[in-house]
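Labels for the chains are A, B, C and D, by order of writing; each one numbers its residues from 1.
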């Protein structure tokens, strides 16, 4: 059964959430200012999911991410300087500027990449979980994917194989109610993606994705189960993205009502969690402010690093297509 | 086309609106035509190319689909086999890998495998093209995969006029037709007549006539070739610029006739040069017009790497007028 | 609720089953004699499924089939002469010899083809069902597929879309316990493919695929539901193929025991059904024999037709790649 | 290779057994290598090319998978990213459409998109080839799709020797390598040395030296070209037959050197001629050796239709020695 998080863990989760929030807010600004090229899919609103799951994982455990991947990388330990550098397309970025937001990754941290292809993560995570089982190393692989992605055949095949081989995998569906501009009711006839678990022979669990503790506990159970060799779990986290599919508009969108947005924003996962931590006397308002201040300083430093970093040299274009080592 | 162009010279539309107009004509003239794809109905498409269709034609004609490319193509194949004329959208061409079985083994082959008893009047729209800093999975041009598949037709409109006309032609065709659009052309303005008109599928378009050099382009590269032609004219190269418009069927006759006149040729496409469709064109030219060639057929395409994200790299990755000029100079030793 | 089959219907189902059985037995022999080229996947043992479903369908209703498609076409009204001609690769075959066993079809009968690609049928049937809904013609589209095919992403996407749009479709899974030489326990962690229905928001029904009446009743309910616009059903029929995945060896196979084969053969769907019809006094032993005799005569005539038919002229190779009509 | 051949002239194995031997060597030398695919474990593969591996290496190394090509490729990509050296089987090449996204957008691009931080030592086996009356969905040769994808290597062993050697080379390579086998070659006998040996990936093989004609072949067409060379020798054509062996990387140097000597060339592959890899080879030859060519580069490939079922049609569909000879005669006006 789910074990209570220690204070240390609570503070760890909180810091990860705050780091995601401020990184994303800044990234959004930078995109609006035309400093970050391409498309940005912000994770704001879903911080409790990445943080509540990732706090259970070591750098050796792997995750696969999505087009909305900054939050996953930050929660997995990604550094702001190299992340901003990647979004800027600089040579110092995690992908040397070749990947950008949609492919940002860190193999050392076991973050097997954001992905521009919806549904591409689950088969890759299933493969990483297979490697863990093969090596008997007790590592776990976690696939993050959205409600929209749950309609891709790739999810189906990965879930079936993970259950068949009893792999140490967890399938975390971040159900934010929309796939791009299409509401869930218009892309699937079920309300709970977790209902799909039974068809693969794995447990399906539903949790409030705005409640970091609830995510922490449910993820803890699923990950423990995976480590014990009992097979995968489908963990559905009901959450919401505060901003548009791409970019930073939150209100005034045609495909969702402002009332709906406001309703969810009242349950801002960071505010909820800080209130909870205050009630528990684990983190005072002042202490929380200090964390925000530290993180904001990190953000500032990260942006500065990125802006001072060189663009990739054109001579490097054809590097990294193939490995030349052997 | 010049005739048409003059008639309508006063009516200019952007490429994106020409797409929508083409679809509107299709939906008006063909009761069995419907449109389905990811975010095409309520959102009007991620680039706005489907805007207003839901409002005008209603939910019985315009469908948002789940993120299920195999399902979307299956929807087209099955409903076409049952008598409809589906128009589906695969949002980015990069995503056709998700449904290549449905495209290659079902859509393209069903008629032949069934001895001609099945007819699949399907129009597939998809958005190709690099230059928007969308990185390796949202920037590809994969026409070479499709052109290699008997049973498909494949067109690549380079102008607003052709976008509208080829969409209408595709929907009237009784075969599966891919209309490969380019996201960097969406804002391009051009003459677009009111009402329904067609652009023949399989007919290349001589956009600039020239005496001593032939440039064959695919899709958006037409514009770069026309720019390059200006520069080349300054060094005595009078380039005939031919927009292939269709890669399957490919208009070999028009291209070969030009090369027999100019004696020198270049192919330009955005796709990776190696194994790209330009190789087929080059191979055909030398097969048919060997004795007319004064120089090897040159090819301009993307280098052999995925599309890089960083603008600093993408800038040198995507073929442009400068590369066309440089390649021509090298080819001709000028 | 399921309505009892009339005697007429019972005899109709019986004849379809017998026609499938004798066609397949003969096809197997002809393959062994080297008269039929390529690969043959025989339907023997599963006759109750195709027959119990198809008796509910008109020529306007569509079906998609599999690599094991002869039975589906016969139950849908396929003629032996043109079917044998197709298997022989003759110009008079349903596909002019261009398709063969794996692509045999008849568009007039609404049989949208056997398919060499496992899992290819469901999306096509979903599309046909969409056309029926579009036309408001009350027609139904039925997808036949195997237990192995239920692990393909194509099934997942088709099922989700059919349920989302409430299409007049029925997904008939013929669970014969194997995908090629791989037992179900080695390809999925669930025992019942029907468990997958809930994840799409459609009913999942399990029925004894060796019992023609059970199939008839369950299929009747699912098809009626579809015609009424109430959406798709996943109908799993537990069945067995008496012969090998390809060809006619039944016993002495490495991947299944002879005991298992014998156990299932004791439940030969035709024998069971004929006993039942005899008990009901609907079909006497003599009458049954007469049916078999008639069908065997049809088989003989069909083979003769095929053998007298010309091979396709090489000049026709490039026909039928494109439609030239417009 | 002739050296090797002589050493081992007494040891002959069929192509199918050479595949198995190559896999056995891989599994012996690389503890991180495992084999996964549909029916590869208990059944030993639908063509027997995996026979005995489960018994010898056990269920921890050899895996039957569900019928889930996307899952199989994902298994390879994810486990390779996590440090293993997967060997996967896509039973028939026709099925790659089911997993082209995982192949093209994940396997091929991951390393580049990740700035070189990911390494994917993956071997993919798949069976191509027509001639077995398996019709349009079990007979294709689709190497052109793969060769167009930066990040992949693609080899096509034509002999038992190369099948074993290229499988071992593929598994030692730190990149994704497709080994395209041919179902019609499974019974072909040839020299196969005991133990581990490699065949270089990216190096063409001059199988027959000749003076005045170059035939470049892909995969099984080597045998047809060698037959054709005999016939051609009777009409004064002394053909040099080069087995490309690898289409990515492609050994341009060996081919061009030969053409500079022979002045005439033909490409032969089983794939559909239009848009096939032969176009890339022909385009390269004329680009680099234009002034050496006495005749256009000819291409022999399948006609522009799906593979027909009827033996009567398939017989005339699949390229063979007779078509090679006829094409050479037409090309050279002999």
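One rule holds for everything that comes next: a residue touches a chain if its C-beta (ideal position, glycine included) is under 8 Å from a C-beta of that chain, and two chains touch if they have at least 3 such contacts.
All figures in this text were calculated on a predicted structure; none of them were measured in a lab.
Enquirer: Treat touching chains as neighbours and tell me the shortest step distance from subunit A to subunit C.
Expert: 1
Enquirer: Specify the chain most distant from subunit D by Cα centroid.
Expert: Ranked by distance of C-alpha centres from subunit D, the top chain is A.
Enquirer: Distance between subunit B and subunit D based on Cα centroids, please, to the nearest Å.
Expert: Each chain's C-alpha centroid was found; their separation is 31 Å.
Enquirer: Which integer distance in Å separates the CA centroid of subunit A from that of subunit B?
Expert: Roughly 36 Å separates the two chain centres.
Enquirer: In angstrom, rounded to a whole number, how far apart do the mean CA points of subunit A and subunit D lie?
Expert: 40
Enquirer: Give me the residue numbers in subunit C that touch at least two other chains, ranges are fine.
Expert: 95, 97-99, 103, 115-117, 151-154, 157, 160, 164, 186-188, 321
Enquirer: Using the touch rule from the top of the page, what residues of subunit B touch 2 or more other chains?
Expert: Each of 65-66, 68-71, 94-95, 98, 101-102, 105, 112-113, 135-137, 150-151, 304-306, 308-309 in subunit B touches at least two other chains.
Enquirer: Of all residues in subunit A, which touch subunit B in the complex?
Expert: The touching residues are 37-39, 89-90, 95, 97-100, 102-103, 115-119, 148-149, 151-154, 179-182, 186-188, 254-255, 311-312, 314, 316-318, 321.
Enquirer: State the interface residues of subunit C toward subunit A in the complex, per the touch definition above.
Expert: Within the complex, subunit C touches subunit A at residues 151-157, 160, 163-164, 166, 186-190, 195-202, 231.
Enquirer: For subunit D, which residues are in contact with subunit B within the complex?
Expert: 94-98, 100-105, 108-109, 112-113, 135-137, 142, 144-145, 147-151, 248, 271-272, 274-280, 282-283, 286-288, 290, 293, 295-299, 304-306, 308-309
Enquirer: Can you name the residues of subunit B that touch subunit A in the complex?
Expert: 38-39, 42-43, 46, 64-71, 94-95, 98, 132-138, 303-306, 308-313, 316-317
Enquirer: Where on subunit C is subunit B touching in the complex?
Expert: Residues 62, 64, 93-99, 103, 105-108, 112-113, 115-117, 120, 122-132, 134-135, 141, 153-154, 157-158, 160-161, 164-165, 319-323, 325-326 of subunit C touch subunit B in their complex.
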